[in-house]
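Next up, some structures in structure tokens.
Next come two complexes, and both contain chain A; in the first it sits with chain B, in the second with chain C.
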Partner chain A sequence: MAYYKGLDGVSEEDLDPYFGIAKLDEQLKGIPPKKVVLISASPSVGNEVFGYQIIHKNITSGVKVLVFLNRTSPQSYLTDMKEYDFPPNDNLVIIDAYSGITGIKSEETDHIRVINNPYDKEEVKTKIIKELNEGYGLLVIDSFSLLADFFDFSFAISFMNDIKQVIVAKESAAVLLFTDWGYEKQNVDKLLSNVNSTIEIKGIEKRVIFGQYFAVLKCDWLEEKPTFSSVLFKAIKPGGIRVYFPKILVTGPTDAGKSSFIHSASKNAVSVDKLGGTIALDHGTVDFEGYRADLFGTPGQERFDPLLKMLGGEAIGVFLVVDSTKPEQFPRAVEMLRKTETYGLPVVVIANKADLKGALKKEELREKLHLDSAITLVQTVAEDLSKVDPNEPTKLKEVNIHEALSALFKQLT
Partner chain B sequence: MATKSEQLKSVLQRLSTVGGIKASAVISSNGLPMVSLMPEDVDPNTFAAMLASMVGSAETAIKSLGSKNTLERVVAESKDIRVVAVQAGTDAILTIMIDPNTNYGLILLESSKASTEIAGIMKQ
Partner chain C sequence: MEGIKTGFKNFDQLTNGLDYRKVYSLFGDKESGKEQFLYKLVQSALSSNIAVVYVLTSKSYSELINEFNSRGININPYLGESFKILDDFSRTNSPSATDNAYAKILNGPIDLTGLSVSLSSVNSDFIKDAKPVINIFDNLSNLLIYNNPVTVYRFLQFVCGKDKLAGVTILFSVDTAMHPPEVIETIKNLSDAILDLKLQDGKRYFKLSGTTKEVLEFKELE
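And now, the complex of A and B:
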């Protein structure tokens, strides 16, 4: 049973294949039957991890996946997948169209079908169609561009159309991995017009943000166009594709709990502190529901204000942490948003210490902070009050942390 | 035409041939890693954040002492590692990790040449 657990924590269960990639599944709602998806990468970025992740997501949720492989041998393909922590299982069958080229003899097993002569168009076509008729939820072709190189582009397109017929008849779906090595534009256009959805993967160099992004160029099963234009991602070993936010600022008045928030949310947080108070910054990496974000925490004391501008630069979202028992600090909190030059970015307010004596209620907090109704306010409390040490970051309750992360990640695209 | 990151990488690769330079990275003044040549066990994100905050703090400190010039470099030393951060234009910082028992003068010279090049690449 395939499902996708999004930021809302709702699992949508059905038998359709999913991408297993945050944002894509949220927006495209998986890959419906009878649809063909093209994952098109520019030469400088790899698309193979998208393939691995899609395969892994589906075989682990009970969808039978057939992989047509002409890029490498099945053995090294599986080894590479394992490096991302994507082990194979019984739902995965690979058609080996590679070993025949190298002259290495490949043995047919329960999970490997062999194309003896990969130069023979007919054998390639009949074998894949015969196997598809056995009933698969998803076909992955890795790689479609190699198929076009090996024969020619017009064969690759007619091959795809033949496969599409079987897929429609068998209620299956297909993902084609494609790298655009500079093919003739009319060929590429023809390919794009023949698929149901195209996801583009490219490199990005925007001022000081260097990275990779994916974008949905086309998707014919959605009535509305997805709301995101491009999404930064990282391919992490092990773990796979994560939607990536390079800089999220955590700011707020002194002793509100910024460091506690960062340490509770991330697995490898580092603080520069002396006797409990942060003096330069906190840094932590968050992995959550297919997202990865780097959190930068500022000091709260006013004497560090000259540093705030540097810390706020290039941030794309903010967590503003306040102490629920200290309304007198709220003007300072808002001032910090100004000083970090992040005023106007997506913000989630974290009202920490919500269970302490004298803590303001949600409505009081909103009123005192002059919060617009569109801004999310999340209350957080310590996991165990008896363990609070003023010189160490406190562990905050996980459910609160997750609520805050979901609220901000949903606003960032 | 090579992309910015390829050009930056080639500057770092050339630097790595200078004796004593163990690792290097270009980070943004805001603490984001851009390109790096580092051992695999170093987390470039944390490293970049810490380095940028060192440079930011040093800049503020030196200005408060009345310096009329911009900050040239920040050096941090332990017995086995020396880290040098050199401003490369307004947006970027070049950082290198070196063995303290090597020709420091030559390394400083090479790194300041490299930082000028990096500043040029960033302006493109």
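And now, the complex of A and C:
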């Protein structure tokens, strides 16, 4: 049974295969039965990690997945999947349409079916249809463009239509991984019109690649087109595809707990600090529920205010950290939003030290900070007060951190 | 502007070296000395602070390093620094082979997407380091054997276009005897410059066309 646990932390259970990729599952709600999804990538970006992640998500959720593989050997494929921390299990069966090309000897096992002559259209078609009839929740073809290269585009389209019939009959679904090498437009248009959904993967590139994104170009099972046009991502090894927010600012008055927040939320945070107070900046990378974000913390002291505008530049969201016991600092907190020029961006207010004596209650905090009802306020406390070291950022409770991340990421997606 | 020196004295004098940002095809038969030319070019480029991405299709990265060593070329200081290998061969024999600091293990000759993605990524890393880059394909013939030629042409068009945009020089080594004339002709058409090597009476000769300083008659390679 596949399910997707989104930012709300709610499991949505049903029998459909899911992508296992943040944002796609939230918007498309998985892949309904009888549907074919095309994942079309530019040749400088690649889509194989999307394939690994979709396979892993489904086999670990109990969905039987059949992979038609003509790009590499099953052993190499599984090695690469493991490098992303996606180990195989009994729900995965691979049809090996590669080894026969290179002359590597491949033997059938419980999880590997072999196409002896991958140049034989009939054998390719017969074997995959026979296997699909055994009953699979999902078919992944890696790669569909190679199939078109090997034979021709019209065979690839007719092959897809034959497979679609079996998928419809067996209530299965399919994902086709496709590299767009600049094929004839009419062929690509025909392919796009024959699939139910197209997800495009591209690089932002000039001389070098400085970002990658995916976008849903088409999805016929949604009444409305998804609200996002394109989503930045990173492929992390291990970990797989993460929706990526390049810059989130963490700001607030001195000693409110900005460094504590960054160090608690990320695994690799660094601070440029002196005797416990941040004097330049903090940085940390957060991985949470299929999302990755780079957090940048500002110093709180007023003497660094000239830096704030620069530090806030290009941020797409803000965590404003305040000390719940120091309402006298609240005007300074709001002023910092203005000085970082992030006022009006999606913001989550972190009311830290909520368990200390004199801490204001939630409603008092909202009132004194003049918070609009739409702004999320999350109260945070130290994990263990007895372990607080004035020279080290204090660890905050994980549940609070998750609540804050979830609240801001939801606003950003 | 000075080109990329190949390490062959008379070649560099007559041609001014390889022009930056150009696509070269290196043609020759098995004994013509293509590998010797490539290895010396690698040595010369690295010693001039030019980054080299070496795409291997018919031997493993460890065999390549042994060949450098056996020819007295000390490649070790450059490994993983300005010399990176894209090994498209090792997995033919060892399907579970994985990357190390200087060699990226690719899936094999069919997975041109994997090769293209890796090439973009390694070139990007070098360019971000402000290094001039040359991509050397040793060799193109193996890709042509395993794939439909049209698929390889499409791949070459994409890679050459990207490399030119990125300011990268590119050189494809092709074993002339392995391909029909129409394939050789198409590769020539995709290239800016053609470098021919031949062995005659125990001596190696070259000619070069399509560059600012052409050598249109065979000259001895010294």
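Going forward, the second predicted complex is superposed on the first by the 408 of 413 C-alpha atoms of A that agree within 3 Å, B and C clash if a C-alpha of one lies under 4 Å from a C-alpha of the other, contacts with A are read in each partner's own complex, and residues count from 1 in each chain.
Convention: a residue touches a chain if its C-beta (ideal position, glycine included) is under 8 Å from a C-beta of that chain, and two chains touch if they have at least 3 such contacts.
Computed from a prediction, not measured in an experiment: that's the story for all the values here.
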item: Chain C versus chain B on the shared chain A, clash or fit after superposition; value: clash
item: Partner, of chain C and chain B, that touches more residues belonging to chain A; value: C
item: First (chain B), second (chain C), both or neither touched by A:179; value: second
item: Touching partner for A:146 - first (chain B), second (chain C), both, neither; value: second
item: Which superposed partner A:44 touches (first chain B, second chain C, both, neither); value: both
item: Touching partner for A:73 - first (chain B), second (chain C), both, neither; value: second
item: Touching partner for A:411 - first (chain B), second (chain C), both, neither; value: neither
item: Partner chain in contact with A:60 - chain B first, chain C second, else both or neither; value: neither
item: Partner chain(s) touched by A:98 [first = chain B, second = chain C, both, neither]; value: second
item: First (chain B), second (chain C), both or neither touched by A:209; value: both
item: Touched partner set for A:314, first chain B, second chain C, both or neither; value: first
item: Set of chain A residues, in rising order, touched by both chain B and chain C; value: 44, 203, 205, 207-209
item: Chain C residues touching chain A - in the complex, by the definition given at the top; value: 91-92, 95-98, 107-114, 116-117, 120-121, 123-124, 127-128, 146-148, 150-151, 154-155, 157-158, 162, 165-167
item: Interface residues, chain A side, partner chain B - complex; value: 44, 203, 205, 207-210, 246-247, 268, 270, 272, 280-281, 283, 285, 294, 296, 306-307, 310-315
item: List of chain B residues in touch with chain A within their complex; value: 3-5, 28-32, 34-35, 43, 45-46, 49-50, 52-54, 56-57, 60, 91-92, 122
item: Interface residues, chain A side, partner chain C - complex; value: 41, 43-46, 48, 70-73, 75-76, 79-80, 83, 98, 101-102, 104, 143, 145-146, 149-150, 179, 181-182, 203, 205-209
